[in-house]
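Order as written gives the chain letters A, B, C and D; numbering starts at 1 within each chain.
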């Protein structure tokens, strides 16, 4: 796994250092503070710090509504109302700081979420460790569908999987060996780290501190737990989802009801459902939907034959 | 109306200055460039500049998909696909710059959209004009519902409307008169502009240049054309909607289909619809929805009695 | 002052609720958590929550430098290095949440800082309180300089100040009285709150929760403690500066050395200083600087006559 | 070079398509629109679109100052004033859209600038081309200084350079060969593109559309033309600088005077200069500066011995 004995000891030290505070506290998150939650073969997610909890969302919302809504609505009801009507600013009032270890190709997808703060390990300052992501056999899948599609199809047969793994393993070992040779100052000047690292593959692990507010984190989770997201980042997003549930359980419940589990109907789809509910039979031919939209709709609602 | 003769002449001059360019052009928007579209009693929206058109969205999307999707899909189909799957970054590739004149209380709601650039008229540098928003009689409405609600209810009766208008008109005239007296340097030192203006009401007009990308503009339009938005900003948002339709007609069509006209079903609502489509009778009692959510659902889908 | 007895009791309750946490703590800020720091006649700033401290900045920076710089530099030395070289991302790793009560004209300047989260009291949901900013006599100043300048000049004479204060006081009282009359549902329908409030002056107080990271807060402080900033927002910025000093004393020291107390020389100014240090006499005539730039340079460096 | 014949023909087509517009035009940038400016061995920068010019900055600033400053100041003088006082918002009113081809390790540094829009070529949708960055021999340098430093020192000797180039060339060729084998559907299922690409090195080229406003672009240029930036991204930044000079020559001049060529003195350094200008002798011993700060100061100002 991903932690050295020094790191494990440091985490133990952090966890056992307890002070008092008058700030809002999330009991669920205090439980797992600093602990490494493993993702992929060498990666992890650690909560380093956080600000706010379910109450902080309520508190911020109540300032907006002033004396008006005080006590009119329960806290859970207010959170559901906010989520349902996409009043997103109170969710920005909570913040979390994570330590994440992840392969570079995942980091490249991750960093596209711009409303966050990042401090990444710099391969210009320090040498990268010899840790590469090697997919589990059950995750080695063929290209899905035709040209111009993303995503994975069937799992590879054992024999082909072995070939692929051997290739990935061999190449990463080789490039790392050359990386070390280029850096070495034995009988030569060591090549600049910023140059030596350019030939390392994007499967190598990097790490960073990543800080984001709850609203933007939920957006990240929504996009990255989607079935179109690449499996590897999806596994991180699912770990983040578990942490959010510990941190702000009421917010998480509302998020599942109104976002994760929600269904967005286009204007035409809504019209079809309206007619169907009113008793009409609906067929693709007269629906006006593309094949793909019709298929997606039928996956959710059973129009019969 | 809002324009002085000098401003009208300046707009004429700008409109008639034509040069050549190799850049993408939007014929629809060139037609109305610089023109003042009136909103409220003294306000307006003017398009000062823009970048990109429907094709620019397609072009940016095609770089993502590489050789993969080239020609696979029509341009309009691709734009609808992007909108449907919330692939929002290609819509950020278009940009628009507007000159807007608007009352301060509208400006305060407007500025909450942070992903935009603003240059506002400064009342520290220059004197504000004597222009105040006075609602049309048909827009003078009573407070809606109970305590802790926003929004408007019934239109006021004529007599009460006259009282309100007299009050609004009288107070703004009075405070402006005092504003000028405080600024005046006749027989006294003129008070600093930055102080004299603090007692002017939020119904006074200000103006700004506002620049935003198409993705964020569509988000603005979605939120501010909503029936919960205050009428005054809604009228501006509707004017912006008309301009977007001229600018990027294909994007606008997709936006109407997948965003403006779309319906978001919560997990529980989707489950109810699923059961209803499968033939079950649904009643509020067994639905698990709050009264409000049930009501909203019934407004869209007719469950019969 | 700005607090009602209920608010004071609530603050006492918040301050006395103490829990344990394993998170980073700032002893200086815990001391003043929730307390109201008065600004202007009815305003305040309260720290509601925070995340991180001096160590958190160091920790984030060390992840970037990896094993490379560990222990090479003291923590204070590292913070000064980061500030000096404008490595700003580690300062984003600290976050603060404030409750601020402030006049609307100050809020309008404040909100221009976009990288922050805000929940403001809504005058559509609730009635505004009868609290207006009335400048202290010693702050009532004449307009500075000629047309097209911002800022304040001489303090007004006593008699004129009295006239100004009477005018500000009278108008705000009058408009508030009309506000209440329009809202009243005695013998009439109460006008919608969102309309009734449009004639209130920008000197009326509003309040909000405002959350921002340390990097952007320092930027706010730099711009808003500047002598060109309007006095009223400057007083808030100075209160924020005091809070930052309590929160992250080492960061604050570095900020004073490398930002607040720093001097930026233009290319031409630097060249002049270079020549002067090398022993040359420098005069405005041969300097190539505008009168204003020359004057500013001479205010800092004494070139003799 | 980086362009295929199809691309060259497409660029020719784009350049020769000329329409009329009433928008602001930058003659300098129209000249080079769509053309590929080569950077590194296979990279380029192309201007695809832009909005605004020097006049647009002035126009936005003048709306802030209202009637106050109209015609008081020349346009160039106003731009210099804005740059000098860091009134940055008018510079946000110009926007540029670029097509950039660049190695992944450069893209990873580039993307850290968050206030921009990006559409990147997706290796999940399409196959990457066989193009890797191979440093020129004169850019192959040894690691600078001691542990915990970034940057490059001496150029490698010829023999070592040859070894390094052979290693970089060999590994990238090998991993690309394996990439194609894994993707191949001859006698096997092709591995999913999103997996096959993980072992490609960060020296492989990617491409994206990148859109940013002028203020943030200048900030990018300032940071990335700095001598501490890695050479490879610095070469891109210098190309961007050339394009900005063509686009908004007056802004560029002001930027050189007040930003690129400016010198920032810390509080202590400013005090030392003050004393030196007043005639004192200054030595490191009594300066209070660290060795590094003293050295940097002496590089700029000659204190004699």
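To be clear about the criterion, a contact is a pair of C-beta atoms (placed from the backbone, for glycine too) under 8 Å apart; a residue touches a chain by one contact, two chains touch by 3 or more.
This one's a predicted model, so the numbers in the text were calculated from it and none came from an experiment.
A.B. asks: Where does the B-C interface recur among A-B, C-D or A-D, taking recurrence as more than half of the contact pairs being identical by residue number?
C.D. replies: That would be A-D, since it shares over half of the contact pairs of B-C.
A.B. asks: Just the number, please: Cα centre separation of subunit C and subunit D in whole Å.
C.D. replies: 33
A.B. asks: Roughly how far is subunit B from subunit D, centre to centre by C-alpha average, rounded to an integer in Å?
C.D. replies: Between these chains, centre-to-centre, one finds 35 Å.
A.B. asks: Provide the C-alpha centroid distance between subunit A and subunit D, rounded to the nearest whole angstrom.
C.D. replies: Result: the chain centres lie 30 Å from each other.
A.B. asks: Could you say which residues in subunit D touch two or more other chains, in rising order?
C.D. replies: 65, 68-69, 118, 122, 125-126, 148-149
A.B. asks: May I ask you to sort the chain touch graph into line, ring, star, complete or other?
C.D. replies: The chain contacts form a complete graph, every chain touching every other.
A.B. asks: Using the touch rule from the top, collect the residues of subunit C that touch subunit B in their complex.
C.D. replies: Answer in residue numbers: 103-105, 107-108, 111-112, 114-115, 118, 122, 124-126, 133, 135, 140-144, 148-154, 156-157, 160, 164, 167-168, 171-172, 174-175, 178, 181-183, 185, 188-195, 197-203, 230.
A.B. asks: Sort out for me which residues of subunit A touch subunit B in the complex.
C.D. replies: 65, 68-70, 72, 84-85, 147-149, 228, 256-258, 260-268, 270, 273-274, 276-278, 290, 293, 300-303
A.B. asks: Enumerate the contact residues on subunit D facing subunit B in the complex.
C.D. replies: 14-25, 30, 33-34, 48-52, 56, 59-61, 63-69, 89-90, 92-93, 95, 97, 99, 117-122, 125-127, 207-209, 211, 213
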